[in-house]
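What follows is a set of notes on a single structure, which appears directly below.
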Amino acid sequence: MTFWKILIILAEGAGYTILVTIAAMVAGLAVGLLTAVLSRLHRKYVDIFLDVYKYIFRSIPVLVILFLVYFGLPGIGIRVPPFLSMVVSLGLVSGAYLAEIFRGAMAAVSNNEMMAAEAAGLKRTQIFSHIILPQMFRMSVPGMINEFTSILKYTPFAYTVGIPEIMKAAMTLAAMTLRGLEIYLAAGIIYFVIYKGFIMMFAAVEKKFHIPGLLVE
Amino acid sequence: MNVFLNDLIAYWPQILMGLKNTLLLMAVMSITGFFGGIGVFYLSISKWEIVRKWTQSYISFFIGTPLLVHLFLMYYGLPRLGIHLSAFTVCVIGFTLNVSAYNARYLMTAYRGLHKSELDAALAQGFTPFETFRLIILPQVLRLSVPSLTNQVIQNIKDTSVAFLIQYPDFFTQMQEIAAVNFQFFKAYMTAGLVYMAMVSVIVVAARKMERQIALPGLQT
Amino acid sequence: MALIEVKNLIKNFDGKNILRGVNMELHEGRSKVVMGPSGCGKTTLLRCLNLLIAPTAGQIIFKGNDITRPGVDIRRLRQDIGFVFQHFALYSHLTVEENVTLGLRKIKKMKKKDAVEKATYELERVGMFDHRNKYPAQLSGGQKQRAAIVRALAMDPAVMFLDEPTSALDPQMSREVVTVINKLYLDNITMLCVTHDPFLAKYISDSIVFMHEGVVVAEDIAERLFYDHDDPRIRQFFLSVIDHR
């Protein structure tokens, strides 16, 4: 079996890897955005709730959360299918990190601009959607890329709940052929290609939406 | 709860051993990753373009590929070449390569924000490039990177749980075994989660304390 | 009837008396400048007048209605007041043109095409049309402030408030902005402008209000206020801001 053949077999699992990555990213963005909106309410109990959420999901390893969701929850009567387990776990974890990234970016939006918007007569919701959000997203790009990288780094865990992604394909093939060295090397290369592909995509998106002078930290 | 509690007590020595292994792995990789990160950072600002380029590729590759792949490659792949490494050794090598890449990237980011005129001043004063690195660049860059570096340590302790996938008998492995005996998966994983939270909290408190201690007036982190 | 009539306006911050009974009026088509030492409450006054901060007591009659009463439509009021800030406060993610059209579209509910048309017209008036597609970070200070003035002016407000519009600018850019505000003055735009710059004050005002520690202590035309006023507080102030060479 040539190295090329190995690459092709493993690449078949790449679809699932990409799917998990995108779904988890979308879930994480949704959760992160929701926390950003909620934090604007400045309600004490909401803030406490958000802090606790962020603390928990930034302190417990993804693998432990995944196992808790997939193997643990059935114990209290909740069955979560493999793909959903993966997306929920990764989504909640990256949502907690993105919430912090968004919070930092929102704090960087100039108070002067918000006051000008208020003085002009824009509604609070309009200020949020037309002034805060567009700046927040742009300033969060580097953080979002890091978060995406983390998600990709954790997608191999999907094999532990039986999703046939790259790692699962690699393990099956390795068990059959006993050529782990080439196979895992090939897996690494495929992951790296996916990583580079996503990074290039992000760079293109960032370039399209780039605004001179909007600080990207 | 009773059954579970009893099992926790019965398996206590094993859990303790697991905790010890987890902390050991975390400590080792945090230290090797710290020094590895400095080394990689040094290479990444080398005056030789070829060195800088290869270092960048190294950083990019280890950040862009999952750690698990590297662990599997060494643990299940190397034996084919007649190289048999223990799970612990594999973890230390794999994590060190990985954590060094991340740490080097933090140091790079801090380096970009440095006032380059200081470096010119040092060179002009007669310091060699290596002395400039050791005495001027490194102290500042390290201080500026403290929050990122400590975050990485927190990341490290969480990532040790991956080691269980290559049969390293860490804390999470022990909790799995208890769950496998009494089928109380939910409680076992909840307990595991709480213990990780406790360990992370200790690091967070220690890190904040350290950040306050080494802060320099006027030098922002 | 005055467009704005301020009666005994009081504002306290954390128990501190910042405005201590301000009285003044502004008529349509007239322009007033507010001067006075730093911290005397000029910014606070402007912000009270468009309810960016809530007055503690007193009355503000705007177009015949007391806007300190509960139930006023704050957004309606703010649409009637164009606000220009010292530090420009342009929306940094929007081009000059978008800065101008955002309010037209979202507050005035104008169609995009009409908003752009209106923005084009207003930008041309202050010589900013060529810069319409630039982002704030790509403009000089003077250009930023001119864009900010257009953004406020395009809403066709009943009155323009300007809070130290030239203080953040070097002399050259400052002149650029004074010219623009002077044009508004000659067009009989109703204005209330806070400034430390006697040059600006003189060329854009019908009269100057002098404030000291939260009250209006004098109101007069520039010539009579600037040189040898009876009130020592006023003499002192202008001694320090006017170059008497």
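As written, the chains take the letters A, B and C, and residue 1 is the first residue of each chain.
Quick note on the criterion: a contact is a pair of C-beta atoms (placed from the backbone, for glycine too) under 8 Å apart; a residue touches a chain by one contact, two chains touch by 3 or more.
Predicted model, so just to flag it, every value in this text is computed and none were measured.
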| Touch-based graph of the chains, sorted into line, ring, star, complete or other | line
| task | Please indicate the chain closest to the centre of the assembly, with centres calculated from CA atoms only. | result | A
| request: Have a look and report which chain pair racks up the highest count of C-beta pairs in contact. | output: A-B
| query | How many angstrom between the C-alpha centroids of chain C and chain B? | reply | 56
| Can you give the whole-Å distance between the Cα centres of chain A and chain C? | 46
| Chain centre separation in whole Å, for chain B relative to chain A (CA means) | 21
| task | Spell out the residues on chain B that touch chain A in their complex, using ranges where they run on. | result | 61, 63-70, 72-73, 76-81, 154, 158-162, 164-165, 172, 176, 179, 183-190, 192-193, 196-197, 200-201
| remark: In the complex, chain A touches chain B at residues 55-56, 58-65, 67-68, 71-76, 149, 152-157, 160, 167, 170-171, 174, 178-185, 187-188, 191-192, 195-196, 199
| For chain C, which residues count as touching chain A in their complex? | 50, 52, 74-79, 81, 83, 85, 87-93, 102-103, 106-107, 135-138, 148, 151-152, 155
| query | Once bound in the complex, which stretches of chain A touch chain C? | reply | 110, 112-113, 115-123, 126, 130-131, 134-135, 138, 211-214
